[in-house]
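Each of the two complexes below includes chain A, the first together with chain B, the second together with chain C.
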Partner chain A sequence: MMRWFTLLAASLLAGCVQMQSVRGTGDLGVVIERANGRVAVVETTGKTVLGRIEGLGDLSHASVVFSRDGRYAYVFGRDGGLTKVDLLTATIAKRVMQAGNSIGGAISQDGRLVVAQNYQPGGIKVFDAASLELLSEVPAAYGTEGKHSKVVGLADLTGNRFAYALFDAGQIWVTDLSDPRNPKTEKFAAGNQPYDGLVTPDGRHYLAGLFGEDGIALLDTWRPQDGARKILGGYGRGQEKLPVFKMPHLRGWAMAGGNAYLPAIGSHEVLVVDARNWQGVHRIPVKGQPVFVMARPDGRQVWVNFAFPDNGWVQVIDTVAGKVVQTLEPGKAILHMEFTPRGEAVWLSARDDNKVVVYDTATFKPLTTLPMQAPSGIFFTTRAARTGF
Partner chain B sequence: MMRWFTLLAASLLAGCVQMQSVRGTGDLGVVIERANGRVAVVETTGKTVLGRIEGLGDLSHASVVFSRDGRYAYVFGRDGGLTKVDLLTATIAKRVMQAGNSIGGAISQDGRLVVAQNYQPGGIKVFDAASLELLSEVPAAYGTEGKHSKVVGLADLTGNRFAYALFDAGQIWVTDLSDPRNPKTEKFAAGNQPYDGLVTPDGRHYLAGLFGEDGIALLDTWRPQDGARKILGGYGRGQEKLPVFKMPHLRGWAMAGGNAYLPAIGSHEVLVVDARNWQGVHRIPVKGQPVFVMARPDGRQVWVNFAFPDNGWVQVIDTVAGKVVQTLEPGKAILHMEFTPRGEAVWLSARDDNKVVVYDTATFKPLTTLPMQAPSGIFFTTRAARTGF
Partner chain C sequence: MKYAAAIAVGTLALAAHAGEREAELIRLVRQDCGSCHGMTLKGGLGLPLTPEALGDKPADSLVSTVMNGRPGTAMPPWKTIISEQDAEWIVKRLLEGFPEEK
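And then the complex of A and B:
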């Protein structure tokens, strides 16, 4: 009898282990440890690592979106793996191999659908966010020979719609998933080789950067009947054909004071664009080829990291002064940055120093360093409540 | 021995009761049930009530802010009570009586400080967000006779600063709480009887509506050396001296497409203001005296409720069309509205129908109704990651 009670007590205690999991999720996030196929669960209040989750496959170029309650992270791996991670228990809730080669995904406005964008086979796939059941897919078929395009720049819009670009087809597609098993797709000619895309924070304008020509394709998703048009014809790509060491990530979208801040391709500049008329306003010289150009949530600062060989530097633009006001050297190979929800701090991954460094954005002083194995992307749950992430 | 194990097992089980509390907090919120001194904890994914917490005192004109992890709500009661509520366990974590008469509060950018704005005694008080220990206070003293002003329109800024207006003194104050036990306050002349205030979503511009004269006081908190200036001189208050049935709430701030949408005082209009130069653009006629004018998170729609006798109506402005596109009658005495984090739905409190109604913002169809006792304010945890709430 006593033995039975001991077992009971033990099993009750085992159940109670989860009690440390009673906590808010508003200050949680994940850091991709790309070399190990692992993610670290972190919290931004005490700035600590809460746990690690292994077995997520090839996490080079991984991206992450969050469930609307902030409890689950959906991790899209390069190898086509899609893993639903429970941040509160640091366990894998679900995992499927959904494609051969993938570069990211998005989650619908209502949080019910997770969508992956795939290189191979080219197209998007739609999953139930709870079960990861495949609901439908939209192959990126174009031309007359049944070819499929790589899909890039997938972004969620209001109304459970998604916008994305077809690199090989030179098109922007908008798929309405109000009825998730019956996708409805509108197609727009965009230009030569759209290589990435983003949506403005209000979810209205979808922009696709063009690699094969000079300019950016712009679609007003509130007035899709107008079609996509070309903006920023003198954007830089066509002038000198500079060598490009790393493609910029447009998802590092920055809006501040009515202007958009975009990485130039190849040249050492950040482009400032008036978001009312999409005309270039000016160019800010920076230390290298920009990769991510990200605004602090209040828009007062824009932080920029760079392609090799300048990827040990980070620069900060003051958007009122219109110029670089700070140059930092946080570590080797700064791959990504993420602001805390209200922007008092920024987390930076230094891949080749195996660390994440946290900076105070007011003083530019480092606050803490967290050891990580080859960290790349950093993603906080705040993204769950924002459009276009 | 067996008895001992039974007790052990029972106490372990009791501890485990909290396990139902393992859940994300990104989709949580509270509804004030003002007549009962009670708040309901709700979640916006399944649209249900998770629990109720009693004993919060006088909750007429109550307001709420959230801890940065989304777990705790700080409820400011009219009677000066400040209650820290644990949303995951539906219990009171802490409660203090901090003043005689209060109308709300705010939380610092780093989440460490909770600040209350008080009518009586007039001033602000600063509390440790974890313990609710009083750290400091700033009495709203003005003039030479030691008078104290009512404080209104308290809003958090970046850098752990707070802006607020002194109704009786006609001033805007900005207090820096970087060192919370040693507040540093700057004072600006604002105009006659500022009755409420708000900060733009980027945390830059603080606006105080003036009741005693025609116009709004504007302070650029990134350039405080310029002082406060008057905008919108023809704002409406001075023209006809219309009877005012209920003061509009400026906290129902709406920004969309670079324009701000503000409730007119007394007249049946929403004012549209260009946020780049703070000039009036146009006025949109609405059904009654607007109280809250709130933008859907994407800015495509602005929802408006009204003072008595039109408080059974709600109207929706399409910001691209620039006019009212929908008129709804959700229930009796619509006191407040709150959008889900990404705006697919809006929750409305119908005080005199004892219900909260949830509408789909795309179709304008009611999705569900939740019985509540005399509901007023609705607050979702998404506010934790936003400035000026």
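And then the complex of A and C:
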């Protein structure tokens, strides 16, 4: 009787979760439904929603990193909430409020540390990835008046180090968390108002885009003694800057044929840079000011979305032809794009149409549409195995 | 009588139009201003736009900031997107506590 009862209880419990059979996580992901403080767990094989998790707070500008086993999504909310979501049960495993105003986070090379980057209070905080226990923090204090900078562009490097940029201080910091309770930080002058950063796929070069001046700050993390230097300075010289209604994002690292593709700021262009010598190669005219410039995993295509008021468009650059080959109108307010693990499809969030649209990247035809409430970021578990994601 | 009805219909249409524009502006502020100032307008890369944060700033200088931006900061000029009246409406609502999207 007792055993039967236990069995019944177990099956009742199982009935509560939304995914009942054993499965892997390699084709899973999450979509942020930002207006509702909710994330949808999705799978990219059948292109369906598996479950929804509510109660994640203010998810405007939410971003996500994954545990290395691809089971847990760490969701960083704007209100400082850090939520560990179990993709298999579609439940909240842990949740902490860690700051007043947060912009994202990263996970360490060994998967043991989750680091949040914060605007308020400006700095980074280090958490145990299993328990979300706070291990240490590095306040982004600068100058002599005790001011704290907003932190942007946090990226994981090898050796449990993290690189990030200080918007107000114009610096790049690299914090070594090999002893997570005793962070060691090196500081580098970067330039005026770095707005976001990224690390190259090999973890070697950290780039911070500059808003307050022309150019990009580049730090070779294998040669930190050389300091950060400026590349592409004056690359857009002579052109009048257009008003920037939305900061570009440098997260979607786009590299193909030895070239890096980066969003220009204040102009309707994608910048192509030779990643061997960091010289500008050419500039590709596009439909608006780029926000995300993301390479399909094979690097043959680069997909670009745009800032308001051109955010209904998406363009595709063929990296062999070196120009735009497709212009799509997938929906209203395309905020983000994410490729399936090997890139046969791309998922696009259309915030103002309350939908996610999936496109075939070979035919450029829509494959399916999933209803979502004000979707923003889309994140697939393939990120778990990639440096800088 | 017919004339009066026509006026009434015209006024209704105008009101509906204003309501639509206001809904658009609420969306614009929450979503697009929100990409820097936060959807809750409590701040992000940009400063907070709550009544407490804006309290002591004169409305006309706020309207000017919206229309012309603030050089040296990330605040762009919005005058190519919205009219002066739109900006005045937005600033008035910001100072009162900005409405939520419906």
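Here is the rule we go by: the second predicted complex is superposed on the first by the 365 of 389 C-alpha atoms of A that agree within 3 Å, B and C clash if a C-alpha of one lies under 4 Å from a C-alpha of the other, contacts with A are read in each partner's own complex, and residues count from 1 in each chain.
Criterion: a contact is a pair of C-beta atoms (placed from the backbone, for glycine too) under 8 Å apart; a residue touches a chain by one contact, two chains touch by 3 or more.
Because the structure is predicted, anything quoted here is derived from the model rather than measured.
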Chain B versus chain C as contact partner of A:161, first or second or both or neither: neither
Partner chain(s) touched by A:101 [first = chain B, second = chain C, both, neither]: second
Touched partner set for A:355, first chain B, second chain C, both or neither: neither
Partner chain(s) touched by A:120 [first = chain B, second = chain C, both, neither]: second
Which superposed partner A:308 touches (first chain B, second chain C, both, neither): second
Partner chain in contact with A:60 - chain B first, chain C second, else both or neither: second
Which partner reaches more residues of chain A (counting touched residues only), chain B or chain C: B
Which superposed partner A:195 touches (first chain B, second chain C, both, neither): second
Footprint overlap on chain A, where chain B in one structure and chain C in the other make contact: none
Chain C residues touching chain A - in the complex, by the definition given at the top: 27, 31-32, 34-36, 38-40, 42-45, 69, 72, 74, 76-78, 80-81, 101
Interfacial residue positions of chain A with respect to chain C in the complex: 34-35, 58, 60-61, 78-79, 101, 103, 119-120, 150, 152, 167, 193, 195, 211-212, 243-247, 308-309, 333, 351-352
Chain A contact footprint on chain B (complex, rising order): 1-2, 5-6, 8-9, 12-13, 15-16, 18-19, 21-28, 43-45, 66-72, 87-89, 109-111, 158-159, 202-204, 222-223, 256-258, 275-276, 297-300, 320, 341-344, 362, 381-382, 384-387
